[in-house]
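Next, two complexes with chain A in common: one pairs it with chain B, the other with chain C.
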Partner chain A sequence: MWVYQKSLEYPVKVSGPNPKLAKVIITQYGGPDGELSASLRYLNQRYSMPTDKARGLLTDIGTEEMGHMEIVATIFYKLTRGVSPQQMEAAGLGGHYAQHNHALFWSDPNGVPWIASYVQATGDPITDLTEDMDAEQKARSTYEHLIHLSDDPLVTDVLKFLREREIVHFQRFGETLNDVQGFMNSKKFF
Partner chain B sequence: MDNSQEKPQAQKVIITANNNQQAMLLEIQRLQFAAIELNLYLDTHPDDQQALMSYNSIVPQLKQRIASYEQLCGPLFHFGMSASQQSWQWINSPWPWDM
Partner chain C sequence: MNYYPYPNIPVIPGAPQMPCSPDLEFVFQLAHAYVPWQNMTQVFSPAEALSQGTLFPELVMPYKG
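Right after this comes the complex of A and B.
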(Lines of atoms letter the chains of each structure in order from A and count residues from 1; the text may use other names and numbers.)
(Lines give C-alpha, C1' and ligand atoms only; values in the text may rest on other atoms or scores of the structure.)
Protein backbone atom coordinates (compact mmCIF):
# COMPACT_ATOMS: atom_id res chain seq x y z
CA MET A 1 0.00 0.00 0.00
CA TRP A 2 1.16 3.52 -0.70
CA VAL A 3 -0.21 6.77 0.68
CA TYR A 4 0.06 9.96 -1.36
CA GLN A 5 1.47 13.10 0.16
CA LYS A 6 0.24 16.21 -1.64
CA SER A 7 3.66 17.86 -1.89
CA LEU A 8 6.97 17.29 -3.67
CA GLU A 9 10.06 15.95 -1.91
CA TYR A 10 11.89 19.06 -3.13
CA PRO A 11 10.21 22.27 -4.37
CA VAL A 12 10.29 22.88 -8.13
CA LYS A 13 10.48 26.42 -9.51
CA VAL A 14 11.28 27.36 -13.10
CA SER A 15 12.27 30.77 -14.52
CA GLY A 16 9.76 30.44 -17.37
CA PRO A 17 8.67 28.25 -20.28
CA ASN A 18 11.61 26.40 -21.82
CA PRO A 19 10.53 23.56 -24.13
CA LYS A 20 14.10 22.99 -25.30
CA LEU A 21 15.18 22.13 -21.76
CA ALA A 22 12.00 20.10 -21.20
CA LYS A 23 12.87 17.98 -24.24
CA VAL A 24 16.10 16.71 -22.69
CA ILE A 25 14.84 16.47 -19.09
CA ILE A 26 12.08 14.04 -20.15
CA THR A 27 14.78 11.35 -20.23
CA GLN A 28 14.79 11.24 -16.43
CA TYR A 29 11.03 10.57 -16.58
CA GLY A 30 10.94 7.75 -19.12
CA GLY A 31 14.43 7.21 -20.49
CA PRO A 32 16.53 4.09 -19.75
CA ASP A 33 18.12 5.51 -16.59
CA GLY A 34 15.16 7.62 -15.52
CA GLU A 35 13.05 7.62 -12.37
CA LEU A 36 10.35 5.28 -13.72
CA SER A 37 12.99 2.62 -14.35
CA ALA A 38 14.51 3.24 -10.93
CA SER A 39 11.32 3.06 -8.88
CA LEU A 40 9.91 0.01 -10.69
CA ARG A 41 13.25 -1.83 -10.62
CA TYR A 42 13.73 -1.48 -6.86
CA LEU A 43 10.13 -2.11 -5.83
CA ASN A 44 10.02 -5.20 -8.05
CA GLN A 45 13.32 -6.66 -6.84
CA ARG A 46 12.25 -6.65 -3.18
CA TYR A 47 10.49 -10.00 -3.34
CA SER A 48 13.64 -12.02 -4.04
CA MET A 49 15.89 -10.29 -1.49
CA PRO A 50 17.16 -12.62 1.27
CA THR A 51 17.55 -10.08 4.11
CA ASP A 52 15.22 -7.63 5.83
CA LYS A 53 17.82 -4.88 5.43
CA ALA A 54 17.74 -5.33 1.63
CA ARG A 55 13.91 -5.52 1.55
CA GLY A 56 13.69 -2.37 3.66
CA LEU A 57 16.20 -0.41 1.59
CA LEU A 58 14.61 -1.34 -1.75
CA THR A 59 11.18 -0.37 -0.41
CA ASP A 60 12.43 2.99 0.82
CA ILE A 61 14.59 3.92 -2.17
CA GLY A 62 11.91 2.66 -4.58
CA THR A 63 9.40 4.90 -2.82
CA GLU A 64 11.74 7.90 -2.89
CA GLU A 65 12.28 7.34 -6.64
CA MET A 66 8.52 7.55 -7.21
CA GLY A 67 8.76 10.97 -5.58
CA HIS A 68 11.61 11.84 -7.93
CA MET A 69 9.51 10.81 -10.92
CA GLU A 70 6.92 13.33 -9.74
CA ILE A 71 9.62 16.02 -9.43
CA VAL A 72 10.81 15.38 -13.02
CA ALA A 73 7.20 15.37 -14.25
CA THR A 74 6.65 18.72 -12.53
CA ILE A 75 9.74 20.21 -14.20
CA PHE A 76 8.53 19.08 -17.66
CA TYR A 77 4.99 20.29 -16.94
CA LYS A 78 6.16 23.73 -15.81
CA LEU A 79 8.67 24.16 -18.66
CA THR A 80 6.02 23.41 -21.31
CA ARG A 81 3.03 25.14 -19.68
CA GLY A 82 1.46 27.63 -22.11
CA VAL A 83 3.93 26.77 -24.88
CA SER A 84 2.33 26.88 -28.37
CA PRO A 85 2.50 23.93 -30.79
CA GLN A 86 4.83 26.03 -32.97
CA GLN A 87 7.20 26.64 -30.04
CA MET A 88 7.06 22.94 -29.16
CA GLU A 89 7.93 22.10 -32.76
CA ALA A 90 10.80 24.64 -32.82
CA ALA A 91 12.22 23.08 -29.64
CA GLY A 92 12.13 19.59 -31.13
CA LEU A 93 8.96 18.59 -29.29
CA GLY A 94 6.79 18.50 -32.44
CA GLY A 95 6.63 14.72 -32.28
CA HIS A 96 5.75 14.85 -28.59
CA TYR A 97 3.01 17.41 -29.28
CA ALA A 98 1.60 15.35 -32.18
CA GLN A 99 1.18 12.29 -30.00
CA HIS A 100 0.66 13.69 -26.52
CA ASN A 101 -0.17 17.42 -26.76
CA HIS A 102 1.06 18.83 -23.41
CA ALA A 103 0.54 15.56 -21.58
CA LEU A 104 3.38 13.76 -19.87
CA PHE A 105 4.72 10.60 -21.44
CA TRP A 106 7.57 8.23 -20.60
CA SER A 107 10.16 8.56 -23.32
CA ASP A 108 13.75 9.59 -23.83
CA PRO A 109 14.64 12.93 -25.55
CA ASN A 110 14.43 11.22 -28.95
CA GLY A 111 10.88 10.05 -28.33
CA VAL A 112 11.81 6.41 -27.73
CA PRO A 113 9.14 5.13 -25.33
CA TRP A 114 9.95 3.49 -22.00
CA ILE A 115 10.25 -0.30 -22.16
CA ALA A 116 10.41 -2.87 -19.37
CA SER A 117 13.70 -4.26 -20.69
CA TYR A 118 15.44 -1.16 -19.25
CA VAL A 119 15.19 -3.01 -15.93
CA GLN A 120 16.03 -6.50 -14.80
CA ALA A 121 15.23 -8.85 -11.95
CA THR A 122 17.37 -11.98 -12.00
CA GLY A 123 16.32 -13.28 -8.60
CA ASP A 124 20.02 -13.34 -7.68
CA PRO A 125 20.37 -10.67 -4.97
CA ILE A 126 24.06 -10.07 -5.73
CA THR A 127 23.34 -9.51 -9.42
CA ASP A 128 20.30 -7.33 -8.72
CA LEU A 129 22.03 -5.12 -6.13
CA THR A 130 24.98 -4.71 -8.51
CA GLU A 131 22.51 -3.60 -11.20
CA ASP A 132 21.03 -1.13 -8.74
CA MET A 133 24.45 0.42 -8.04
CA ASP A 134 25.10 0.59 -11.78
CA ALA A 135 21.69 2.24 -12.31
CA GLU A 136 22.43 4.92 -9.71
CA GLN A 137 25.71 5.80 -11.44
CA LYS A 138 24.00 5.97 -14.85
CA ALA A 139 21.36 8.26 -13.40
CA ARG A 140 24.07 10.42 -11.79
CA SER A 141 25.86 10.76 -15.15
CA THR A 142 22.59 11.67 -16.87
CA TYR A 143 21.81 14.33 -14.27
CA GLU A 144 25.31 15.76 -14.81
CA HIS A 145 24.66 15.92 -18.57
CA LEU A 146 21.36 17.66 -17.90
CA ILE A 147 23.06 20.15 -15.55
CA HIS A 148 25.52 20.94 -18.38
CA LEU A 149 22.60 21.48 -20.77
CA SER A 150 20.44 23.53 -18.38
CA ASP A 151 20.19 27.28 -18.95
CA ASP A 152 17.71 27.80 -16.11
CA PRO A 153 19.41 28.15 -12.68
CA LEU A 154 16.18 27.22 -10.85
CA VAL A 155 15.95 23.94 -12.77
CA THR A 156 19.69 23.32 -12.29
CA ASP A 157 19.13 23.58 -8.53
CA VAL A 158 16.57 20.76 -8.61
CA LEU A 159 18.78 18.66 -10.92
CA LYS A 160 21.64 19.04 -8.43
CA PHE A 161 19.40 17.80 -5.62
CA LEU A 162 18.39 14.76 -7.69
CA ARG A 163 22.03 14.07 -8.65
CA GLU A 164 23.03 14.03 -4.98
CA ARG A 165 20.28 11.55 -4.16
CA GLU A 166 21.75 9.10 -6.71
CA ILE A 167 25.09 9.29 -4.89
CA VAL A 168 23.47 8.55 -1.53
CA HIS A 169 21.47 5.66 -3.00
CA PHE A 170 24.65 4.22 -4.56
CA GLN A 171 26.32 4.32 -1.14
CA ARG A 172 23.40 2.58 0.59
CA PHE A 173 23.15 -0.09 -2.14
CA GLY A 174 26.89 -0.75 -1.77
CA GLU A 175 26.49 -1.27 1.98
CA THR A 176 23.56 -3.59 1.35
CA LEU A 177 25.52 -5.56 -1.27
CA ASN A 178 28.30 -6.16 1.29
CA ASP A 179 25.76 -7.20 3.88
CA VAL A 180 23.98 -9.61 1.50
CA GLN A 181 27.32 -11.06 0.38
CA GLY A 182 28.18 -11.76 4.02
CA PHE A 183 24.78 -13.36 4.54
CA MET A 184 25.12 -15.57 1.42
CA ASN A 185 28.64 -16.67 2.41
CA SER A 186 27.47 -17.62 5.89
CA LYS A 187 24.79 -19.83 4.27
CA LYS A 188 27.30 -21.74 2.14
CA PHE A 189 28.90 -23.64 5.02
CA PHE A 190 27.01 -25.96 7.30
CA MET B 1 -10.45 17.44 -33.81
CA ASP B 2 -11.18 20.11 -31.27
CA ASN B 3 -9.20 23.24 -32.09
CA SER B 4 -9.52 24.53 -28.55
CA GLN B 5 -7.03 21.80 -27.67
CA GLU B 6 -4.28 23.83 -29.31
CA LYS B 7 -3.64 26.10 -26.36
CA PRO B 8 -5.09 24.27 -23.39
CA GLN B 9 -2.54 25.38 -20.83
CA ALA B 10 -2.53 29.09 -21.68
CA GLN B 11 -6.14 29.59 -20.65
CA LYS B 12 -5.94 27.37 -17.63
CA VAL B 13 -6.29 29.21 -14.38
CA ILE B 14 -3.51 28.08 -12.13
CA ILE B 15 -4.39 28.22 -8.46
CA THR B 16 -1.11 29.06 -6.82
CA ALA B 17 -0.42 28.51 -3.19
CA ASN B 18 0.06 31.62 -1.12
CA ASN B 19 3.44 32.48 0.36
CA ASN B 20 2.47 31.40 3.86
CA GLN B 21 1.45 27.97 2.61
CA GLN B 22 4.69 27.61 0.65
CA ALA B 23 6.76 28.60 3.70
CA MET B 24 4.94 26.11 5.94
CA LEU B 25 5.38 23.41 3.32
CA LEU B 26 9.08 24.18 2.97
CA GLU B 27 9.53 23.56 6.71
CA ILE B 28 7.80 20.17 6.31
CA GLN B 29 9.99 19.38 3.28
CA ARG B 30 13.15 20.28 5.25
CA LEU B 31 12.23 18.03 8.17
CA GLN B 32 11.03 15.25 5.93
CA PHE B 33 14.23 15.31 3.91
CA ALA B 34 16.24 14.82 7.10
CA ALA B 35 13.91 11.92 7.97
CA ILE B 36 14.32 10.33 4.51
CA GLU B 37 18.09 10.61 4.69
CA LEU B 38 18.23 9.13 8.21
CA ASN B 39 15.73 6.43 7.22
CA LEU B 40 17.94 5.17 4.38
CA TYR B 41 21.02 5.36 6.62
CA LEU B 42 19.26 3.40 9.37
CA ASP B 43 18.22 0.72 6.86
CA THR B 44 21.91 -0.20 6.53
CA HIS B 45 23.04 0.94 10.02
CA PRO B 46 20.13 -0.18 12.25
CA ASP B 47 22.32 -0.22 15.39
CA ASP B 48 23.45 3.42 15.16
CA GLN B 49 21.87 4.87 18.31
CA GLN B 50 22.70 8.48 17.46
CA ALA B 51 21.05 8.26 14.05
CA LEU B 52 18.05 6.56 15.66
CA MET B 53 17.73 9.37 18.21
CA SER B 54 17.95 11.97 15.45
CA TYR B 55 15.28 10.17 13.44
CA ASN B 56 12.99 9.86 16.45
CA SER B 57 13.45 13.53 17.33
CA ILE B 58 12.18 14.53 13.87
CA VAL B 59 8.96 12.48 14.11
CA PRO B 60 7.07 14.71 16.63
CA GLN B 61 8.34 17.91 14.96
CA LEU B 62 7.10 16.69 11.59
CA LYS B 63 3.74 15.63 13.06
CA GLN B 64 3.26 19.04 14.64
CA ARG B 65 4.19 20.92 11.45
CA ILE B 66 1.86 18.75 9.38
CA ALA B 67 -1.00 19.36 11.83
CA SER B 68 -0.54 23.17 11.64
CA TYR B 69 -0.26 23.02 7.85
CA GLU B 70 -3.43 20.96 7.49
CA GLN B 71 -5.32 23.30 9.83
CA LEU B 72 -4.66 26.15 7.40
CA CYS B 73 -4.23 24.57 3.97
CA GLY B 74 -6.25 21.35 4.01
CA PRO B 75 -5.23 17.71 4.07
CA LEU B 76 -1.70 16.74 3.06
CA PHE B 77 -2.64 13.02 2.97
CA HIS B 78 -5.60 10.97 1.74
CA PHE B 79 -6.98 7.49 2.52
CA GLY B 80 -7.79 8.18 6.16
CA MET B 81 -4.46 9.66 7.11
CA SER B 82 -5.85 13.23 7.45
CA ALA B 83 -9.30 14.48 8.43
CA SER B 84 -11.15 17.00 6.27
CA GLN B 85 -12.88 19.84 8.10
CA GLN B 86 -16.36 20.98 6.94
CA SER B 87 -16.30 20.04 3.25
CA TRP B 88 -14.14 17.53 1.35
CA GLN B 89 -10.99 19.65 1.11
CA TRP B 90 -8.68 17.06 -0.42
CA ILE B 91 -9.54 18.07 -4.00
CA ASN B 92 -9.45 21.83 -3.37
CA SER B 93 -5.91 22.60 -2.29
CA PRO B 94 -3.33 23.13 -5.07
CA TRP B 95 -1.54 20.13 -6.53
CA PRO B 96 2.24 19.90 -6.17
CA TRP B 97 2.87 20.64 -9.85
CA ASP B 98 0.82 23.85 -9.65
CA MET B 99 2.57 25.22 -6.56
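Right after this comes the complex of A and C.
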Protein backbone atom coordinates (compact mmCIF):
# COMPACT_ATOMS: atom_id res chain seq x y z
CA MET A 1 0.00 0.00 0.00
CA TRP A 2 1.06 3.61 -0.23
CA VAL A 3 1.30 6.59 2.06
CA TYR A 4 0.32 9.76 0.25
CA GLN A 5 2.00 13.08 0.85
CA LYS A 6 -0.06 16.11 -0.07
CA SER A 7 2.74 17.96 -1.83
CA LEU A 8 4.72 17.45 -5.03
CA GLU A 9 8.24 15.98 -4.87
CA TYR A 10 9.42 19.18 -6.58
CA PRO A 11 7.38 22.41 -6.68
CA VAL A 12 5.88 23.40 -10.04
CA LYS A 13 5.70 27.04 -11.08
CA VAL A 14 4.99 28.29 -14.58
CA SER A 15 5.47 31.79 -16.03
CA GLY A 16 1.99 31.79 -17.56
CA PRO A 17 -0.34 29.87 -19.89
CA ASN A 18 1.57 28.12 -22.66
CA PRO A 19 -0.54 25.52 -24.51
CA LYS A 20 2.19 24.99 -27.10
CA LEU A 21 4.61 23.81 -24.42
CA ALA A 22 1.86 21.79 -22.71
CA LYS A 23 1.27 19.92 -25.96
CA VAL A 24 4.81 18.51 -26.05
CA ILE A 25 5.20 17.97 -22.30
CA ILE A 26 2.20 15.61 -22.30
CA THR A 27 4.56 12.96 -23.71
CA GLN A 28 6.10 12.51 -20.26
CA TYR A 29 2.58 11.84 -18.95
CA GLY A 30 1.25 9.30 -21.44
CA GLY A 31 3.90 8.87 -24.12
CA PRO A 32 5.95 5.69 -24.64
CA ASP A 33 8.84 6.83 -22.41
CA GLY A 34 6.75 8.85 -19.98
CA GLU A 35 6.20 8.56 -16.26
CA LEU A 36 3.10 6.34 -16.50
CA SER A 37 5.09 3.77 -18.48
CA ALA A 38 7.94 4.01 -15.99
CA SER A 39 5.88 3.66 -12.83
CA LEU A 40 3.70 0.81 -14.10
CA ARG A 41 6.70 -1.03 -15.56
CA TYR A 42 8.64 -1.03 -12.29
CA LEU A 43 5.70 -1.65 -9.97
CA ASN A 44 4.71 -4.63 -12.14
CA GLN A 45 8.15 -6.16 -12.70
CA ARG A 46 9.00 -6.18 -8.99
CA TYR A 47 7.04 -9.37 -8.29
CA SER A 48 9.36 -11.55 -10.36
CA MET A 49 12.62 -10.13 -8.99
CA PRO A 50 14.79 -12.72 -7.20
CA THR A 51 16.02 -10.63 -4.24
CA ASP A 52 14.32 -8.46 -1.64
CA LYS A 53 16.71 -5.66 -2.54
CA ALA A 54 15.64 -5.70 -6.20
CA ARG A 55 11.95 -5.86 -5.26
CA GLY A 56 12.45 -2.98 -2.84
CA LEU A 57 14.27 -0.87 -5.42
CA LEU A 58 11.56 -1.35 -8.06
CA THR A 59 8.91 -0.45 -5.49
CA ASP A 60 10.80 2.70 -4.48
CA ILE A 61 11.54 3.91 -8.00
CA GLY A 62 8.08 2.93 -9.29
CA THR A 63 6.59 4.98 -6.47
CA GLU A 64 8.80 7.97 -7.23
CA GLU A 65 7.80 7.78 -10.92
CA MET A 66 4.16 8.05 -9.85
CA GLY A 67 5.19 11.23 -8.07
CA HIS A 68 6.79 12.41 -11.30
CA MET A 69 3.58 11.69 -13.22
CA GLU A 70 1.89 14.00 -10.73
CA ILE A 71 4.51 16.70 -11.41
CA VAL A 72 4.08 16.41 -15.21
CA ALA A 73 0.29 16.49 -14.81
CA THR A 74 0.61 19.67 -12.74
CA ILE A 75 2.80 21.32 -15.40
CA PHE A 76 0.25 20.49 -18.15
CA TYR A 77 -2.65 21.65 -16.01
CA LYS A 78 -0.99 24.96 -15.13
CA LEU A 79 0.13 25.63 -18.71
CA THR A 80 -3.43 25.18 -20.03
CA ARG A 81 -5.33 26.82 -17.17
CA GLY A 82 -7.62 29.57 -18.49
CA VAL A 83 -6.63 28.90 -22.09
CA SER A 84 -9.56 29.33 -24.51
CA PRO A 85 -10.66 26.59 -26.94
CA GLN A 86 -9.40 28.78 -29.79
CA GLN A 87 -5.97 29.12 -28.18
CA MET A 88 -5.90 25.37 -27.54
CA GLU A 89 -6.73 24.80 -31.21
CA ALA A 90 -4.05 27.26 -32.33
CA ALA A 91 -1.45 25.42 -30.21
CA GLY A 92 -2.36 22.07 -31.74
CA LEU A 93 -4.46 20.98 -28.76
CA GLY A 94 -7.81 21.21 -30.60
CA GLY A 95 -8.14 17.43 -30.62
CA HIS A 96 -7.27 17.27 -26.94
CA TYR A 97 -9.83 19.96 -26.14
CA ALA A 98 -12.55 18.25 -28.18
CA GLN A 99 -12.13 14.99 -26.30
CA HIS A 100 -10.93 16.05 -22.86
CA ASN A 101 -11.57 19.79 -22.42
CA HIS A 102 -8.90 20.88 -19.88
CA ALA A 103 -8.67 17.44 -18.29
CA LEU A 104 -5.52 15.38 -18.29
CA PHE A 105 -5.23 12.32 -20.48
CA TRP A 106 -2.42 9.81 -21.11
CA SER A 107 -1.34 10.42 -24.66
CA ASP A 108 1.72 11.49 -26.57
CA PRO A 109 1.92 14.96 -28.23
CA ASN A 110 0.21 13.56 -31.33
CA GLY A 111 -2.77 12.31 -29.34
CA VAL A 112 -1.78 8.64 -29.51
CA PRO A 113 -3.16 7.13 -26.30
CA TRP A 114 -1.00 5.23 -23.82
CA ILE A 115 -0.90 1.49 -24.37
CA ALA A 116 0.42 -1.32 -22.17
CA SER A 117 2.66 -2.58 -24.96
CA TYR A 118 5.01 0.33 -24.22
CA VAL A 119 6.27 -1.81 -21.31
CA GLN A 120 7.42 -5.38 -20.87
CA ALA A 121 7.76 -7.91 -18.10
CA THR A 122 9.63 -11.02 -19.18
CA GLY A 123 10.07 -12.61 -15.77
CA ASP A 124 13.82 -12.72 -16.45
CA PRO A 125 15.33 -10.28 -13.92
CA ILE A 126 18.40 -9.57 -16.06
CA THR A 127 16.24 -8.75 -19.07
CA ASP A 128 13.79 -6.67 -17.05
CA LEU A 129 16.50 -4.67 -15.25
CA THR A 130 18.21 -4.01 -18.58
CA GLU A 131 14.89 -2.73 -19.92
CA ASP A 132 14.61 -0.49 -16.87
CA MET A 133 18.04 1.03 -17.51
CA ASP A 134 17.03 1.56 -21.14
CA ALA A 135 13.79 3.20 -19.98
CA GLU A 136 15.72 5.64 -17.79
CA GLN A 137 17.92 6.64 -20.73
CA LYS A 138 14.89 7.13 -23.00
CA ALA A 139 13.23 9.28 -20.36
CA ARG A 140 16.45 11.30 -19.96
CA SER A 141 16.65 11.89 -23.71
CA THR A 142 13.01 12.93 -23.82
CA TYR A 143 13.56 15.44 -21.00
CA GLU A 144 16.51 16.84 -22.94
CA HIS A 145 14.31 17.26 -26.03
CA LEU A 146 11.72 19.01 -23.88
CA ILE A 147 14.39 21.30 -22.37
CA HIS A 148 15.24 22.34 -25.94
CA LEU A 149 11.58 23.00 -26.72
CA SER A 150 10.81 24.87 -23.50
CA ASP A 151 10.57 28.67 -23.63
CA ASP A 152 9.56 28.92 -19.97
CA PRO A 153 12.56 28.97 -17.57
CA LEU A 154 10.38 27.94 -14.61
CA VAL A 155 9.22 24.82 -16.48
CA THR A 156 12.79 24.13 -17.67
CA ASP A 157 13.90 24.13 -14.02
CA VAL A 158 11.41 21.33 -13.22
CA LEU A 159 12.41 19.40 -16.36
CA LYS A 160 16.06 19.56 -15.25
CA PHE A 161 15.14 18.13 -11.85
CA LEU A 162 13.21 15.27 -13.44
CA ARG A 163 16.07 14.59 -15.87
CA GLU A 164 18.57 14.34 -13.00
CA ARG A 165 16.32 11.82 -11.24
CA GLU A 166 16.53 9.55 -14.32
CA ILE A 167 20.34 9.58 -13.98
CA VAL A 168 20.12 8.60 -10.32
CA HIS A 169 17.67 5.81 -11.17
CA PHE A 170 19.99 4.50 -13.89
CA GLN A 171 22.80 4.22 -11.33
CA ARG A 172 20.55 2.32 -8.92
CA PHE A 173 19.22 -0.04 -11.59
CA GLY A 174 22.81 -0.68 -12.72
CA GLU A 175 23.92 -1.54 -9.18
CA THR A 176 20.92 -3.83 -8.86
CA LEU A 177 21.84 -5.51 -12.15
CA ASN A 178 25.37 -6.13 -10.77
CA ASP A 179 23.82 -7.58 -7.66
CA VAL A 180 21.23 -9.76 -9.40
CA GLN A 181 23.80 -11.08 -11.90
CA GLY A 182 25.99 -12.07 -8.95
CA PHE A 183 23.03 -13.73 -7.29
CA MET A 184 22.05 -15.64 -10.43
CA ASN A 185 25.66 -16.85 -10.94
CA SER A 186 26.04 -17.99 -7.35
CA LYS A 187 22.82 -20.02 -7.60
CA LYS A 188 24.42 -22.34 -10.15
CA PHE A 189 27.00 -23.47 -7.62
CA PHE A 190 24.92 -24.01 -4.48
CA MET B 1 22.77 -15.47 1.64
CA ASN B 2 26.14 -16.11 0.03
CA TYR B 3 26.60 -14.70 -3.42
CA TYR B 4 29.20 -12.96 -5.49
CA PRO B 5 29.29 -9.26 -4.93
CA TYR B 6 30.46 -7.26 -7.90
CA PRO B 7 33.86 -5.70 -7.30
CA ASN B 8 35.11 -2.81 -9.30
CA ILE B 9 38.10 -4.09 -11.13
CA PRO B 10 40.80 -1.90 -12.74
CA VAL B 11 38.88 -1.88 -16.03
CA ILE B 12 37.03 1.10 -14.56
CA PRO B 13 39.82 3.35 -13.24
CA GLY B 14 39.17 5.06 -9.95
CA ALA B 15 35.83 3.35 -9.47
CA PRO B 16 34.83 2.72 -5.84
CA GLN B 17 35.26 -0.74 -4.35
CA MET B 18 32.36 -2.78 -3.10
CA PRO B 19 33.20 -4.87 -0.04
CA CYS B 20 33.86 -8.36 -1.39
CA SER B 21 33.82 -11.69 0.39
CA PRO B 22 37.40 -13.09 0.18
CA ASP B 23 36.32 -16.71 -0.42
CA LEU B 24 34.36 -15.85 -3.56
CA GLU B 25 36.18 -15.05 -6.74
CA PHE B 26 34.37 -12.68 -9.03
CA VAL B 27 34.37 -13.52 -12.70
CA PHE B 28 33.89 -10.57 -15.02
CA GLN B 29 31.90 -12.00 -17.91
CA LEU B 30 31.57 -11.00 -21.52
CA ALA B 31 28.10 -10.08 -22.75
CA HIS B 32 27.09 -8.75 -19.33
CA ALA B 33 26.45 -5.13 -18.40
CA TYR B 34 27.95 -3.58 -15.25
CA VAL B 35 27.74 -0.20 -13.57
CA PRO B 36 30.38 0.99 -11.07
CA TRP B 37 29.18 0.76 -7.47
CA GLN B 38 28.62 4.05 -5.75
CA ASN B 39 30.00 4.29 -2.24
CA MET B 40 28.45 6.40 0.49
CA THR B 41 30.59 9.48 1.01
CA GLN B 42 29.53 13.10 1.41
CA VAL B 43 25.95 14.19 0.83
CA PHE B 44 24.21 17.51 0.17
CA SER B 45 21.96 19.24 2.67
CA PRO B 46 18.26 18.45 2.04
CA ALA B 47 17.68 21.87 0.44
CA GLU B 48 20.72 21.54 -1.83
CA ALA B 49 19.73 17.96 -2.73
CA LEU B 50 16.25 19.12 -3.80
CA SER B 51 17.73 21.82 -5.97
CA GLN B 52 20.30 19.45 -7.55
CA GLY B 53 17.89 16.54 -7.98
CA THR B 54 20.21 14.20 -6.05
CA LEU B 55 21.64 13.82 -2.56
CA PHE B 56 25.02 12.81 -4.00
CA PRO B 57 27.54 15.31 -5.43
CA GLU B 58 29.12 12.57 -7.61
CA LEU B 59 25.79 12.01 -9.40
CA VAL B 60 25.27 15.64 -10.41
CA MET B 61 25.44 15.50 -14.21
CA PRO B 62 23.64 18.55 -15.61
CA TYR B 63 22.58 18.68 -19.23
CA LYS B 64 25.06 20.70 -21.24
CA GLY B 65 22.65 21.14 -24.14
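Here is the rule we use: the second predicted complex is superposed on the first by the 189 of 190 C-alpha atoms of A that agree within 3 Å, B and C clash if a C-alpha of one lies under 4 Å from a C-alpha of the other, contacts with A are read in each partner's own complex, and residues count from 1 in each chain.
The definition used in the following text is that contacts are C-beta pairs under 8 Å (C-beta built on N, C-alpha and C of every residue); 3 or more make two chains touch, one makes a residue touch a chain.
All of these numbers come straight from a predicted model, not from anything done at the bench.
In the superposition on chain A, A:P113 makes contact with neither chain B nor chain C. By the touch criterion stated above, A:F183 is placed in contact with chain C alone, chain B being left untouched.
When the two complexes are overlaid on their common chain A, residue A:E144 makes contact with chain C while staying clear of chain B. In the superposed pair of complexes, A:E175 makes contact with chain B and with chain C alike.
Residue contacts after overlaying the shared chain place A:E164 against chain C, while chain B stays out of touching range.
Looking at the shared chain after the overlay, A:E70 reaches chain B, while chain C stays out of its contact range. Shared-chain residue A:K53: touches chain B; no touch with chain C. Judged by the touch definition given at the top, the superposed model places A:Q5 against chain B, while chain C stays out of reach. Using the contact criterion defined above for the overlaid structures, shared-chain residue A:P85 touches chain B, although it does not reach chain C. Residues 10, 168, 175, 179 of chain A contact both chain B in one complex and chain C in the other. Residues of chain C touching chain A in their complex: 1-6, 24, 26-27, 32-35, 37-38, 50, 52-54, 56, 59-63, 65. Of all the residues in chain B, the ones that touch chain A in their complex are 5-10, 14, 22, 25-26, 28-29, 32-33, 36-37, 39-41, 43-46, 75-79, 81, 90, 93, 95-97, 99.
Interface residues of chain A facing chain C in the complex, by the touch rule stated above, are 10, 130, 133, 143-144, 147-148, 160-165, 167-168, 170-171, 173-175, 177-179, 181-183, 185-187, 190. Those residues of chain A lying in contact with chain B across their complex are 3-12, 53, 56-57, 60-61, 64, 70, 73-74, 77-78, 80-85, 101-102, 168-169, 172, 175-176, 179.
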